[in-house]
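A, B, C and D label the chains in the order they appear, each numbered from 1.
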Amino acid sequence: MTGSPPIVEMQGISIAFPGVKALDNVDFRLFQGEVHTLMGENGAGKSTLIKALTGVYRIDAGSILIAGQGRRLNGTADAQAAGISTVYQEVNLCTNLTIGENVMLGHEVRGRIGVNWRATNKAATEALAKLGLGHLNPRRPLSSVSLAMQQLVAISRAMVTDSKVLILDEPTSSLDANEVDGLFRVIRRLRDQGVAILFVSHFLDQVYAISDRLTVLRNGKYEGEYLTRELDRTVLISKMIGKDLAALKSLGSNRQTQERDRTVIPLVKATGIGRTGSIEPTDLDLHRGEIVGFAGLLGSGRTELARLLYGADRPDSGEVEIDGKKSEIHTPVDGLEHRIAFSTENRRDEGILGDLTVRENLILAVQAKRGWARPLPRREQDAIVSKYMAALNVRPADPERPIKNLSGGNQQKVLLGRWLATNPELLILDEPTRGIDVGAKAEIQESVAELAGGGVAVVFISSELEEVIRLSDRIVVLKDHRKIGEIINGPDVTAQEVVDIIAAHGEAALESDIIDPDGKDSTA
Amino acid sequence: GDDTGAGDELTTIGFVAVGPEGAWRQANEANMQETFTKEAGFDLKYAPATNLDQKSQIDAFTSFVDEGVDVILLSATEGSGWEDSLKRAQEAEIPVILIDRGIEPDATDLYATRIAPDNLQVSKSVAGWAAETFPQGANYFVIEGPAGVSVVNERNRGWNETIGAKTEFKKLGAQTANWSTEEAKSVFETVLKSNKNNVQLVFAQNDEMGLGAVLAVEEAGLVPGKDVKIATIDGTHNAVQALADGKLSFVAEYNPLFGETALDAVKKVLAGDKVEPYIIVPSLTFNSPDAAKTALPSRKY
Amino acid sequence: MSTTERRTGAGGRDLIRRPYFWGIIAILLLLLVNVLKDPSFLAVSVNSANGNLVGNLLDILRASAPILMIAVGMSLVIATGGIDLSVGSVMVVAGAVSMEFLKASGDSTSSGVALGALGLALAVSALLGVVNGILVSVVGLQPFISTLVMMLAGRGLAKVITSGQNTAASNGPFRWIANGYVIGLPVVVLLAVVVVVIVAVVVRRSALGLMIEAIGINPKASRMAGIRPRGLLITVYAVSGILAGVAGVFATASVMTVDVSRTGYQLELDAILAVVIGGASLAGGKFSMGGAVVGGLLIATLDKTIVFLGVSSSATPAFKAAVIIVLCLLQSERVRNLFTQRPVPTARAPKARAPKESVTA
Amino acid sequence: MTITMLPDPPGAETKSRIGRLTDVAARTWRTNLTTVPTLAAVVIFIAMMIYGELAYGRILQYNTLSNLLINNAHLVIIAVGMTFVILTGGVDLSVGAVIAFSSVAGLLLANAGWNPWVVMVLMIGIGTAFGVASGVLVQYFKVQPFIATLAMMFLARGLASTLSTTPERLADDSSIRSLATKLKIIDGEKVNDLVLTPGVLIAVLVVVVGFFVLHRTRTGRTVYAIGGSEQSAALMGLPVVRTKLWVYAISGTLAGLAAVVYTSRLGIAQNITGIGWELDAIAAVVIGGTLLTGGAGYVLGSVVGALVLGLMNVLITRDGGIRPEATTIITGGILLVFVLLQRALTARRRE
């Protein structure tokens, strides 16, 4: 592979933002027909390097060669013209348009009288089908599908053009195993066709599954370029974080053996809560000190159920008892008042307030709870801020920086901090580790376990099933917007089993429908 | 429009009006509405302009023609641009009577008659008074309405024809105060400062702005009527009162109360009688507090 | 002004970063132009008769008082991502209410009557503001439309209140609000300063400012963080209404006449301009009250300069436009980079747009 | 491990079949969500027509309908331009003033003996120039649209009054007037004729082209994308800069065209023409169902919006008994009723 000259060659790239040297003399090469992963902690500069390559940011120093030619790209349009397709870290699509339009924007098929929509939508369907989304109606508004689906749409969009280089910045952060497999199949096919693929992910398994070569960045500096198969995982991690991390060893620690008394009054007892069109009536008990994982495929209704618990959406059936007392939770304000905290999966649209500083973002929920008339004294603000920024290792450690200038992973940490600061009794975490690097992920898991140990009830949602199993005492399984069962966790539960249960359920139900009209079936 | 309603005997009149603009307009249009009442046998349809925009008046006019009213009274915000509409009215055999504003070019065959005080005459009377009061001339300032409105143009013309020719009168400048007391006060307070209070005469193109100038003069520590003489046009009650109090020095009436004259004209036109193409409404002038005091009790607006 | 800023930077470089820096420069330049025309422009003298300070500067300050009121209110509304087009109409309603009240009472010396008129005017303005707030936050209409409706209806309401007439009244204490002096300074200026300081302190000392900005930046995320948008939005529009009412009282008290078609006419444009010159983004988010004040002062200075220089009525708008355009150019990053020579990303990522189905949309 | 599976609710299978049907129905609704406000506008427009005919009569007749079109042709034209701008999330406050400047300048030239066709092209060109200036301010200098176009509004108004403060009159035989020639399609009794003018045809053409550009060209789709999220559009590699310039240029050009159409009809031009028309255009766009935040709406909606405004004035005139102080309240009220109705309709669909 290295025989031919690289298709992309970046040399000595430096980019500084006010107060931060995001990239410092970084080199990077990308060859045709390879999958090249960019590795590094949150804030290491991966996304910045990609934006430098695609002309979103102007570089302060260094040179970019594409196919051997020096280029000055001025934005994504130029990059596309040079044969580079990019899917950025945050989903960047237009929710006011349809799926088909989003896939094809700028590449619409033209007919005799302007755009031929029939052909355009057909092309969109074809592009979607490559990722196994052929069933998706391209005329549906993009806003009607989940964030994960939108991520897939964004990836389909990048594949519409025949590009020489495909850049995917954390494309798998909210995908489940099936989708990841589908995506990888496509990536491998493209690689075999000679496309150069630049890939970013914090999932080591995925990195080792797909990539041929790695470039590691640390603190905006170039750490080295390696062949994946020659680099041991522990070595990779130490290269990324600059030291060996003993904590990572404890990743395997599990809580699966815990037994608890389920006869006491649960903290939250939901009976038949549901909302038409999003989740069917569901019963759920959440106990103090217990971590409940929600498992399910994309679009199975995990987020929806969690939103009802917090009051982000208003349930239209069922009731909720908190500590045995009937409570109305219809808005987030109600949720907060009952000491529930909900960290959203959609951090850009529903999480961060981009122009506010890290400090303001961190204290926002606490402040909202107090009301505007009782401002949080500056001293207490500083206490909260320094506590959580240190605990979650937010970088850069400057609380007065607008949060939009933080890297994706660090934004996620700040959001987590916001909710922890409210001292919740029930903490709902929807994809809290999305886009978080290995080190930080371990830290977050650890603090979740610690919180549960301290008596907090936790709902943990993650597309990474292993993570759910590792962490939860109990797993609620959802499918097709319905709770289909519960699993008391134990040492013998594996991800594969949960997947099998989910896969089997629909068929089982169907069959049992025919055999047994009561539809009773249980597996032990 | 005899088939529009049950009360066939009523004569339908479409009144393309200006709408709330100031005290003068208020008096004029109220007077019209009080004259053409149901008791008098009329159904007056009142259509004020929005924002003094000519377009809205043309729309209303068109609509009256389409509807087929018996007579249209047109009180235009702007003199020009009416030929087409008037021709259509003619085609529809609806007589049009111009109230206040004339049309440009003045095609007398397009309308039945025009009833109005004469802007040119009124502003000339102000200029005449000024020439008489300041035989040695004076430094004067003009407070105008919005630039481009035809009343402003006409009132400027009348004034300039008399005063503009006299070299002993020195024009310090002209500024718009948009017919508003508040703006006039703010404008004139600065004018006084920028001219070191050396202003003897103010020609305010309506009463409201004149009263604003009075306030500015008083605030500057000068005496209106003595240090600075202020002349205004319209003759609203407030202005005549101010003249009686010696604050204004000259008020030229622009008589709004000619409903009776209009009624008369409408009747004649409907009966097919001949009417004068231009019926000038006589306007008074008040040049002293005493004149104002005698007039005050009988002022209707 | 500096009380409203959380981090005051001393250095000149820091001042240059301030979005309203160029507003201050523009004010100084306009003053300079006036001084060139008349060197005594800036002179402030004491009126020997009553000990009051007089001079063009004081005129500018007095003229700016109503604009400052509506600009401050507007800056809060704009921070929430909204806009209040109705301030001019609320001004005229407040004026109409107070003039009718004073006229009906017929008492031209009583301060009680003046206070009654003031209270009534402010109450009505607050009510109109609340209606705006409800339309925006509860009904969920777009602020532009809600307040446009209020702008149309408000002026009509004023005309109904005065039966279409320009009502004049006389009441000494009420007149004093706009024309009186205390320790040689115009009351109206002192009142404006007091109001601005009160609003600034309340907003910045409480968490109101933070929450208003949060709503403006991302309504969805603010809701998820537990902020109640409804109450907050209603409050903000009500405050804008009350401040417009104060402006209306200032404007009518100065001539003791309400002009139903002219009072406050198109002043919403001045207020919006002031806020933007002060560096705020109409998309909502961070706001600076100091900026709004600078913007308001600039507009008053500009208006006065036009009269002082004797710019003809017909050229006035073009003159105004030229100043605005130059100022906008100076504030733009592209031009500022010519001065500071800093490399920047070719495309500064614009702030993430608030999701479409938001409370205020 | 302990696994508890929940029973399927009885009838789940049949329910899901019906559910699937309702799902499809719901999905169709959701797809058409953006058309609902526009459809609502059409329905309300027709309702207003019927109400007018029943209450006042003589609405559904040739001349009233023809005049509705003729009198509002220029409004339709600027509303189309405004739709483009608002779809990107901007606004153009300068259109009214640009019309004033363009028509005054045009008539001065025409009266100075310039070829009328050249003058008309120049008038349109003046509009384009102002549009481009706004676009450059917005796009290159990051001036907010509201402010940039406000500045252009002051500038155009100021330049117009510097040129002339008296009405400029077009010579009677000027060919510019030919745009207002009345083409009688059906000659009714007295003035009850079905009439069209070239101005109306121009407006229709503008609407058709506007519709085509927005829905059948990449530029048009980019306009929607920018309104959805400008940042996303840029990162998707769409030509954001060019398109935004285009949008303001289009709005300016159409203002110039509206100036030609309006001037040809009146035969005069004045510096105070067009005050407040930008608000009419914005109101038309909003009534037509376009979101002021951008990204959703239709040109056809704006046309209906413009006609609704025109019809509303006709109805108010026909009523004739409305007190002058109440007219603005009524205008505001009707606008409010409109947006409330649309709001109610869209909210219900969203459930």
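Throughout what follows, a contact is a pair of C-beta atoms (placed from the backbone, for glycine too) under 8 Å apart; a residue touches a chain by one contact, two chains touch by 3 or more.
Model, not experiment: these values are computed from the prediction.
Centroid analysis (C-alpha atoms only) places A farthest from chain B. Note on chain placement: the centre of chain C and the centre of chain D lie 30 Å apart, centres being C-alpha means.
Centre-to-centre separation between chain B and chain C, using Cα means, comes to 34 Å. Averaging Cα coordinates per chain places chain A and chain C 44 Å apart. Shared contact sites, meaning residues of chain C that touch two or more other chains, fall at 159, 164, 260, 313-314, 316, 347, 349, 352, 356. Multi-chain contact residues of chain D (touching two or more other chains) are listed as 161, 165, 228-229, 231, 234, 271, 295-296, 324-325, 327-328, 331. Within chain A, contacts with two or more other chains are made by residues 56, 75, 95-96.
The complete set of chain-chain contacts reads A-C, A-D, B-C, B-D, C-D.
Within the complex, the chain C residues that touch chain B are 37-38, 47, 49, 55-56, 59, 63, 159, 164-166, 168, 179, 251-252, 254-255, 257, 259-263, 265, 303-304, 307-308, 310, 312-314, 316.
For chain D in complex with chain B, the residues that touch the partner chain are 56-58, 61, 63-64, 67, 71, 161, 164-167, 169, 180, 190-192, 262, 265-268, 270-273, 275-277, 310, 313-314, 316-322, 324-325, 327-328, 331.
Contact residues of chain D toward chain A in the complex are 1-10, 12-13, 26-27, 30-31, 33-34, 212, 215-218, 221-222, 224-225, 227-229, 231-239, 295-296.
Interface of chain B with chain D (complex): residues 1, 3-4, 14, 17, 19-20, 29, 43-48, 50-56, 58-60, 62-68, 78-81, 83-84, 88, 91-93, 104-105, 146-150, 152-153. By the touch rule above, chain C contacts chain D in their complex via residues 135, 139-142, 144-145, 148-153, 155-157, 159-160, 163-164, 260, 269, 272-273, 276, 281-283, 313-322, 324-325, 328-329, 331-335, 347, 349-350, 352-353, 356, 361.
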